[in-house]
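You will see two complexes here that share chain A, one where it goes with chain B and one where it goes with chain C.
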Partner chain A sequence: MTPSAGDETLTRAATLALASVVEPGSGQLLTQVRDYGPVEVWSFLLRTSADSALAERARRYRPAVMQRDMHRHGLRFLVPGDPEWPAGVDDLAWSGPVGDVTGGAPLGLWVAGPGNLRDLTTRSVAMVGSRSSTATGDVVTVDLSAGVAERGVTVVSGGAYGIDAAAHRGALSTDGATIAVMAGGLDEVYPSGNAPLLERVRDEFLLVSENPPNQRPSRVRFLARNRLIAALGQATVVVEAQVRSGARNTVAWAHSLQRQVLAVPGAVTSSQSETPNQLIREGEATLVTCAAHILEALAPLGDPAPRPETPTLPIDGLSPGQKAVHEAFPARSARSVDELAYDARVNVRECMAALTVLEMRGLALPTDDGRWRLVRKPR
Partner chain B sequence: MTPSAGDETLTRAATLALASVVEPGSGQLLTQVRDYGPVEVWSFLLRTSADSALAERARRYRPAVMQRDMHRHGLRFLVPGDPEWPAGVDDLAWSGPVGDVTGGAPLGLWVAGPGNLRDLTTRSVAMVGSRSSTATGDVVTVDLSAGVAERGVTVVSGGAYGIDAAAHRGALSTDGATIAVMAGGLDEVYPSGNAPLLERVRDEFLLVSENPPNQRPSRVRFLARNRLIAALGQATVVVEAQVRSGARNTVAWAHSLQRQVLAVPGAVTSSQSETPNQLIREGEATLVTCAAHILEALAPLGDPAPRPETPTLPIDGLSPGQKAVHEAFPARSARSVDELAYDARVNVRECMAALTVLEMRGLALPTDDGRWRLVRKPR
Partner chain C sequence: MTAVHSVALMGLTGHVVEIEAWVGGGHPRTQLVGLPDAALSESQHRCRAAVSSQKLEWPDQFVTINLTPATLPKAGSHYDLGVAVAVLNTHASRRLPEAALSRTVLLGELGLDGRVRAVRGLLPALLAAVEHGFDQAIVPAVQLGEASLVKPLTIWGVGTLADVIEVLHGRPVLLPAVPRAAAIPSQRTLDLVEVVGQDHAKRVLEVAAAGRHHLFMSGPPGVGKTMLAERLPTILPELTVPEALEVMALRSLADKVVSDRLELRPPYAAPHHSASAPSIVGGGPRLARPGAVSLAHLGILFLDEAPEFPAPVLDALRVPLEKGEIVLSRSEGPVTYPARFQLVMAANPCPCGNAATAGARCTCTPMTVRRYASRISGPVLDRVDLQIRMPAMTRSILARDLPPGETSAVVLQRVQEARERQARRLAATRWRTNGEVTGSYLRRHQPIPDGTEILDEASRRGTLSARGIDKVLKVAWSLADLDGVDVPTPAHVYEALGLRRGEQGARS
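Coming up: the complex of A and B.
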C-alpha cells in the first residue's frame, strides 16, 4: 500500500509522539513499531488500560506543546525516509543489545543547526574518550580531529568534557565539520560548561538527539546515545579512556555495528590509556597515531596513508667497507691510512677509496700531515 | 670420524684463534668453518699469501697473549658443544642476513661471571630500547624486568645507557638474573658510565661477548651483538625506541629467528615511542603493558595472564529498572516514590522494590517525611 500524503502526516505525527515518550533504545517497542507501524502503536498506547509508565506518559503527551518547544529551540524532527535521515543509523536495526540498552534504530531524531545530517555523515568518524583526559590526550585529540576534518571527514562526538570537547574543537579549528550527539533534549546543552562550544557546533553544524526537549540526560540515555555516536561514524576512534569508561560502551556498539575501532596508544603508566592499550592488545582495535592512519581506515581500498619518512643520515648508503673505515676513526684525533685500514679490516687501496667517499659526504677530512680525521661523528 | 681428545684441543684452539681475528657475524668465514672445520680454516689463513686484513690479523695472533689476557680478566671461552653453550644461539645458523651483518651462529663466546650461560637462557627474555630513554620508559622497564626476573626469567640486554641499563637494574633489584651482551671485548666494560652496573652483572651473573679482549666496540660489532641479544631470549621486548634505533635491528633479528617481539606502547607525542607504536600497528609486535603479558608470551600454552580486575561499583548488577530509579534521583534533594516512579518509567510497585534494593546497597535512604534521597551519587 502506497502511503498517501495524509498517511505520511499521521505517520510523522505518531512517530514524533512515540519518540517523545519512549526511552531511547527500547527494543521491544521498536519491534512493535516495525511490525505494526507507528500509528497503530501510538493508538494502542493511548487506549491501553495497563498501569505502565509508558502509557501514562503517552496520555500526558501534548502535540501542541511539543511543536511550541521545537519551534522555540529551533529543532526539526527527522524520521526514516526523510532526505536528511542518516544512512548509518539504520544499521542499528541489526545490532545490539549492548549492556542494558537493547538498541535498535531510533524512531526519529531531533536536530538543531544548519547542517544536513545525511550529507555530514557520508564520510565521518566517531571520536570518543575520557571526560577526565590528560593534557596530552587533549592535544592529540585536537590534532587527530583537525587532521581528518580538514580532509572532509565529519567528527562525531558526545559534547562531554575532555576528549569529546577536544574532538569538536579540533574540527572547528580548521574548516572541517563536527556533530555533537546529546543524551538529553536539545532545549539545553549538556554539560553547561561546554555551552559555548556546543552552541558553536549548533550554529555552524548540528546537534543531534534521540530525546525530546525538556528531557534531562540519564545513565541509560548516555548509553543509548553512545550507540548513535558509533552508528554515525564509519569508524570509532578511542583516544583516552580508563578501564571503566563510556568509551568502552561506544566501542561495543561499534563492534556490534561491524564498524572499525581505532585506538590511540598511550603510556602504560597513564590510567587514561588503559582502555586503548587493552583494546589494541586484544585485537579489538587498530593502533593509530596520526590522522593519516584514520583516513586510511576510512578508505581501506584507497591509497594507503603516506609512511612517515625516516630521516636520512650521511652514513646511509655507505658500503660495509666504507662504514668500517668510518667507524675506525677515533672521535677527535687523526689517524693514518694504514692504521684505519688495519682497524677496519680492509686493505690500503680499499681504505683510500673509502676515505674519498667519506670526504665527498663531508664525513672525513685529510689533515696537513697526510693523516685523516672525522668531521663529525654522528651516532 | 670421531674426534680424539687431541682433536678437541686443536679444535678449541683454532676456534679461539679464528674468533679472535674474524669480525663477528661474518657469514662467509662461518660457512667455511662449517664445511672444513676450524683447524683447516685457521691453517689456511696462516698459509695464504693473499693481501687480506684477516690474514694479516691471523699472522699477528699470539695464543699465549690471548691466554694471558683471558686469565687476567677472568674470561672463559665457550665453543659449540660445551655444556655451557647456549642453545638459543645455534638458531642463528639459519637466520639473517639483517642489514650489513650476514649473521650465522658465533664461532665461540667469551663470558665473564659465575653464571652458567646455558642454564640462564633456558627461560629468558631480551629487553632493549633507546639509550636516550624517558624517565617513564626507565620506570616501566625496571618494573617489567623486575616482574619477569622474580618469576625466574633471565633478562638479557646490551648494557647501554637508557632502557638497557634499566632492564639490568630491574632484574638486579629483585632476586632475578640478568646477562649483558657486550659489543667489545670483556677486558673493559662499555659504556664506562655503566661500569658499576656492569661489574655487578659480571660479579653476580654473566657478561657475554663474541669479541676478543682488547677489541673496542664498533658499529658493525654493535649490530652483530644485537643478533646475540635476540638469540639469547625466547622473546624480545622493545620498551622505547625512536624511528632510527638499534632496537629496530634487534627486532629484525628476533623476527629472523622466529622469536616473538613484544612492544610497550607509549604516548604518540613521545618520539621515544614511535618504534614500539609502529611495530604494534604493523603487526610486527604484540602490545604488552605488564610483566604478566611478557610471561604469557614466554609460555603461550600455559595459563593466560590474570586479567586486571575491573573495580566494582555499587550500581553493578542492578536491573535496568533499579538503575532507572537510581538515576531518577536528584543529586541532593529528596523525592517521593510517585515522582521517582514517573521519571524512571516504572510503576509504583516496581519503584518500591527498587528502592529496597538501593537501600540495601547503601545507595538510597528514606527521609523522615516518607520521601527518599540518595546517599551518594556515583558517576
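Coming up: the complex of A and C.
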C-alpha cells in the first residue's frame, strides 16, 4: 500500500506525537506501532479511558507547542522512510533487549544541524569510553578520531566528558564529520561543560536525539541513547572504560546489532583500560591501535591496513661503501669498527655511518663489548 | 702616615689591602688588626725577627698594625713584606719615599733570618695589582719567572728584607725582571701518532676536540683509554694569552709550582679516584684552594675509572658542568673559581675489567656489572655527547698491515678550522662550540634538512631518546665543521648516531 500525501502528513504527525510521549526503547509500544501504524496507535491513546501514564501524557500533548519548540530550537523530526533517515537504526528493530531497555528502532529522531544524517552515517564509527578518562586515553582518542575522520568516516559519540569529547574534538580538528547523540531533548545541550564543543558539532554537523525538547536525560534515556550510538556506527570503538561503564552497555548493543566491536588496549595497571583489555581477552573485541586498524574494520570487503613495509632484499638501496661494510662481516663472529673499516677499504667515519644504516635496517647489531655482528636471517 | 700596599685574594679576585703602622705609648707590644687568619696573625713575629736579623730596628713601644679594609677577611703569609715595611717606615729618620710606596705592591713571606719566601697565589695577586693601577711590584726572587708573565708591571725580585728597602729607595740590587715578550708555544711531548690502531677511537677523540664535547670511553684495561685522554690536549687549539694567564693564576693558587713559561696548551687534570672531594672540587680552610675542576679550567678533566669515584664527587661535577664555575662556601663568604673544563671519563666494563670481553674471564657477578655501569649519575652522563665502547685489540687487527696514523699536528689543523667555523656561526650567541649549544637552539636556528627523516626513523625504532636527538644534532654539526661543509649531510647524521653508541649500556 502506498500512502497518499495526506496519509503521510498524518503519519508524520502521529509519529511525532507518539515519540513525544513514549519513553525511548519501549518495546511493546513499538511492536504495536509496527502492527497497527502510528495513526491508529495514537488515536487509541487519545481515546482510551485507561488510567495509564502514557495515555495521560498523550492527552496533554499539544502539537502546536511542539511545533513552536522545534521551530525555536531549529529542530527537524525524521521518521522512517525520510530521505534523511539513517539506514543503520532500522537494525534495532530486531535487536535487544539489553539490560532494562527492550530496544527496538526509534519511532523518529529529532536532529539539529546542517548535516544529512543518512549521508553522514554511510561510513561511520562510534567511539565511546570513560567520562573520567586518562590523559593518554584522550590523546589516543583524538588521534584515532582524527585519523578516521580525515579519511571520510563520521565519528559518532555521546557528547559526554572524557573519551566522548575527545572523539568529537579529534574529528573537528581535521575538518572531519562528527555526530553527537544526546540522551535529552535538543533544546539544551548536555553536559553544559561541553556546550561550546557540542554547539560546534550542531553548527557544523548534527546533534541527534530520540527525546523531545524539554526532556531531561535520565538513566534509562542514557541506556537507550547508547543503542542509537551503536546503531549509527558500522563499528564501535572502546578506548577506555572501567569495569562498570556506559561504554560496556554500548558494546552490548553493538554485539546485539552484530556490529564490530573494536577496543584499544591499555596498561594492565590502569583501571580505565579494564574494559577494553577484558573485551580483547574474551574475544569480544578486535584490538586496534591506530586509525588504519579501524578503517580496515570498516572496509566492506576487506581493505587491509597497510602492513609495515619490508624491502624484499634488505641490502637494496645501500651505497657501495655500505655494501662493502656489510660484506666485510664474517658470518658469525663479531668485528670492531676498525677491523671492518680496514677490510671494507673505507675509513672509520664511513664505516661508523654505514654501521648505523645497517643497524637501522636490522642487518647488523652492536655487541656488548663494542664490536658489531650481523643479524642472523630468520629462516 | 703612608700606607703600604698588598693584595687580598677571594678566589681569583684580588682586593687591594692597605697596611699602616702606628707607634706610640704603652708597653713594648705589637698588635695586628684587620681580620687576620692564623698565618697572618703570626706575621708580626716573623717580621720582628726578620727586621732584627737585618740589623734594622723594631720599635720598642706599642705598635699597632692595621690592615684595611677592616671588614675584608685576610689570609696567608704574603702580607709579611708589607707589615715589615709599614713598621720600618714609622722611624722618622728612615722614611721611605712616599711616591715609591704608593705605586708598589709588596708580596712575600719572611723567614726569621730576613729571607723572602715564595707565596701562593702570586699570579692572581699581581693581575689584581695591574687592574688597580699599580705599576711596580716587589716579589720573592724565587718567583720572578712567574711574576714576569704579568706584563705592564715592573717586577723587582727580592731575596731579603734589606733588598726590599733598597728597591723602595730606588737603589735596586738587581735589575727588574724582563717581561716576557710573548708566550712560549707549548712543547708537545705526547702525540696521537703514538697510539697504534684504534682509528675509530681516534676519530671520536677528534670530534670531541672539534666540538668540545664531553666524552665517555668504556673498554677493558689496556685498550688505550688513558693514552687517548692524555693526548687530547695535543689536538686542542692553544689558549689565548689572557686565558693562559687565568689558568696559571689558578695553578698558582693551588700552590702548584708555576713555571716561568706561559703554557698555552690547555691544561690537563687527572685526579685519582681516591682523591678527596675538596681536592677535586676545591676547598680547604680560609682561602679555599681551587680543586682539579678549576685546574682543568679551559682544558681537560680526565676521570680514569670514573665509576670508582665516590658518588658525591661525581655529583659535585654537575654544577661546574652547567655553570662553568664552582662556588665554594666559606665562613667569610662564597669563593668562586672558574671551572669550564671538558670532561673525559673512562671506565672499565666492570670492577675487574673483563666483562664482555671475549675470551677473558670476568670474576664479577652480573649484578655487580650492572651496578658498576650505573654508578655515574644520569645528570652527569646527560651532558656527555660522545660515548664510545672500545673493544679489546685483537691479534687480527694488529696483524693487518696498518698504515701509520696521523700526527697530532695534522688533526689539530682540522680541529682548529672546525673551531673557527663554529665561532663564526655562533658569533651572535653566548656559545663558541657545538658542545655548549643547547639542543633547542640547534633545532630552532640550525635545521638539518637532510637529517630530520633519519632521526625520525631512529626515534621510531626506539634507539634514540629525545635527549639523544640533541646530542646527535650537536655531534653532527661538529662532523660537518670538521669536513668544512655548511650543513651536516646524511652521512654526518648517520655517523653521529653511531657515536652515541654505548648510551644504553651505560644507563642500564
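We adopt the following convention: the second predicted complex is superposed on the first by the 305 of 379 C-alpha atoms of A that agree within 3 Å, B and C clash if a C-alpha of one lies under 4 Å from a C-alpha of the other, contacts with A are read in each partner's own complex, and residues count from 1 in each chain.
In this text, contacts are C-beta pairs under 8 Å (C-beta built on N, C-alpha and C of every residue); 3 or more make two chains touch, one makes a residue touch a chain.
None of the values given here were measured: they were computed from a predicted structure.
*Asks:* With both complexes overlaid on chain A, does A:219 touch chain B (first), chain C (second), both or neither?
*Replies:* first
*Asks:* Which partner does A:56 reach: the first (chain B), the second (chain C), both, or neither?
*Replies:* first
*Asks:* Please tell me which partner, chain B or chain C, touches more residues of chain A.
*Replies:* B
*Asks:* Which partner does A:369 contact after superposing on A: first (chain B), second (chain C), both, neither?
*Replies:* A:369 sits against chain C, while chain B stays out of touch.
*Asks:* Would you sort A:202 into first (chain B), second (chain C), both or neither based on which partner it touches?
*Replies:* After superposition on chain A, A:202 lies in contact with neither partner.
*Asks:* Contacts for A:269 in the overlay, against chain B (first) and chain C (second): which applies, first, second, both or neither?
*Replies:* first
*Asks:* Kindly classify A:338 by the partners it touches after superposition: chain B alone (first), chain C alone (second), both, or neither?
*Replies:* second
*Asks:* Could you tell me if A:281 is touching chain B, chain C, both of them or neither one (first, second, both, neither)?
*Replies:* In the superposition, A:281 touches chain B alone.
*Asks:* Of the residues on chain A, which ones does chain B touch that chain C also touches?
*Replies:* 341-342, 347
*Asks:* Please give the residue numbers of chain C that touch chain A in the complex, ascending.
*Replies:* 197-200, 202-203, 218-220, 349, 355-358, 388-392, 394, 396-397, 400, 402, 454, 457-458, 461, 463, 479, 491-492, 494-495, 497-499, 501-502, 505
*Asks:* Which stretch or stretches of chain B touch chain A in the complex?
*Replies:* For chain B paired with chain A, touching residues are 23, 51-54, 56-57, 100, 136, 139-140, 218-220, 243-244, 264-270, 273-274, 277-278, 280-281, 286-290, 293, 308, 310-311, 313, 320, 323-324, 326-328, 341-342, 344-347.
*Asks:* Quick one: which bits of chain A touch chain C in the complex? Just the residue numbers, please.
*Replies:* On the chain A side, the touching residues are 334, 336-339, 341-343, 347-357, 359-360, 366-371.
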